[in-house]
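Worksheet: the structure to be examined is printed underneath.
Going in written order, the chains are labelled A, B, C, D, E and F, and every chain counts its residues from 1.
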Amino acid sequence: MADQFDEATRKELANFVQAEQAQAHLTAQIHSLTSMCWDKCITSNPSSRFARGEESCLANCVERFLDTSLYMVKQIQEQRDRAQLSR
Amino acid sequence: MADQFDEATRKELANFVQAEQAQAHLTAQIHSLTSMCWDKCITSNPSSRFARGEESCLANCVERFLDTSLYMVKQIQEQRDRAQLSR
Amino acid sequence: MADQFDEATRKELANFVQAEQAQAHLTAQIHSLTSMCWDKCITSNPSSRFARGEESCLANCVERFLDTSLYMVKQIQEQRDRAQLSR
Amino acid sequence: TYRQEMALTNAQELMNKCNEKCFAKCVTKPGGSLSGSEQSCLSNCLQRYMEAFNIVSKTYIARVQKERISPELA
Amino acid sequence: TYRQEMALTNAQELMNKCNEKCFAKCVTKPGGSLSGSEQSCLSNCLQRYMEAFNIVSKTYIARVQKERISPELA
Amino acid sequence: TYRQEMALTNAQELMNKCNEKCFAKCVTKPGGSLSGSEQSCLSNCLQRYMEAFNIVSKTYIARVQKERISPELA
């Protein structure tokens, strides 16, 4: 299959596929964060506007979730470093 | 690839694939509705028959969920129409 | 495509794919059981060790879930056997 | 055949969901073995879940056919 | 085109999630029809879920761009 | 290699689940930053989730091997 395309075309194709995958991942993340933060932050019955604090809760929920992901990765790296030092 | 088949075969194949996808979508919907309506309607401990109101709740749950989907689409269309009128 | 490989290679390939699929299924099951048993068993706030009973609950949760799956299959088979006898 | 495979996948998905729901309802504190009352709860739950699946199927398919709802919307 | 298909999939996923969340919040005991108060709850819920989606999108994209977080980590 | 990719996917899935569960448990009201007590809750939760994953793996694999349960049933 790949023989049909020259080097430049193949690279362009690979870049396109990668960009599209990143875009699809981003979109899936936004859907999943919206769902999760909706459940955490929207506790009142839906009315004509958000209840007090719900909007800021949604933004904070996204930020703190990203903080959590980064914090967890750092924890695992520190743990691995300690394990290597103690060898 | 497609060159291997004549027009009629290709159409038949496309129809088959489409019908199968619709069937798979239908089945997935039924599993997901059963799961969701089970959680909403079945609150008693499982016994030798459904508790009072559970069966009708299951059927109503399906009907009202479909009502909800149609209602939401109508709301979005009305909103879009209003937005176009006010331009 | 398949014409490119001889019989032995094709068999080896099929075995490899099957083993990998079984492995992927196993891994997916472990993730899903961990998630489900975590929700069932870990009710305290995370501290420097598990609360009393949480560890044994996790192991029991896995064992009883497998018991449940096997029990349900047996129930369905018995039901089918009864249905055939009464014909 | 392809059709049989679909039916099998469908039956397997039904069993998976049923195990998940009934384990959640009937085995709230997993102990050293399935107790008698847990087993009878599971038997009942299995029957009820199958019935629920049938009620949902019938209601859904009747509605989709009546209104010719596009499956993407429903 | 491919892009339009992606946008459609995205909009459909948004509607699916929105229907699921709003049905859970607004139709707690499904009756013989959607009542007036259920309908007005659904209208409001639809607006709020769309707003929530926009807030989450803006916040997430701004953060990812600011920190160049690899999407796999975030 | 393929094996490494599988291991990576597995580790990523573990981190995703762990982040989801620990965020749910430790950050109940998201504020302007992660507080000290939220951070220490997250550290503990990470350790516990990894341990839980190990307990579940060991128990599941031992059982599947002992009874030669077909993975489709289990």
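Here is the rule we use: contacts are C-beta pairs under 8 Å (C-beta built on N, C-alpha and C of every residue); 3 or more make two chains touch, one makes a residue touch a chain.
From a predicted model like this one, the values you see are computed outputs, not experimental measurements.
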*Name, by label, each chain that touches both members of the pair chain B and chain F.*
none
*Which chain maximises the distance between its CA centroid and that of chain C?*
E
_Furthest chain, CA centroid comparison against chain F_ = B
_Of B-D and A-F, pair with higher C-beta contact tally_ = B-D
_Centroid spacing, where centroids are CA-atom means, of chain A and chain B in whole angstrom_ = 28
*Any idea how many Å lie between the Cα centroids of chain A and chain E?*
16
_Between chain C and chain E, what distance separates the C-alpha centroids? Give it in angstrom._
32
*asked:* Could you pull out the residues of chain C that touch at least 2 other chains?
replied: 37, 63, 69, 73
*asked:* Two-or-more-chain contact residues of chain D, please, as numbers and ranges.
replied: 22, 26, 72
_Traversal of the chain ring from chain C via chain F_ = C, F, A, E, B, D
*Where on chain E does chain B make contact in their complex?*
15, 18-20, 22-24, 26-34, 38-39, 42-43, 46
*Mind listing the chain C positions that touch chain F in their complex?*
20, 22-27, 29-31, 33-35, 37-39, 42, 45-48, 50, 55, 58-59, 62-63, 66, 69-70, 73
_Going by the contact rule set out above, which residues of chain E touch chain A in the complex?_
2, 6, 10, 13-14, 17, 21-22, 25-26, 41, 44-45, 47-49, 51-53, 55-57, 59-61, 63-64, 69, 71-74
*Residues of chain A that touch chain F when the two form their complex*: 36-37, 40-41, 57, 60-61, 63-65, 67-69, 71-73, 75-76
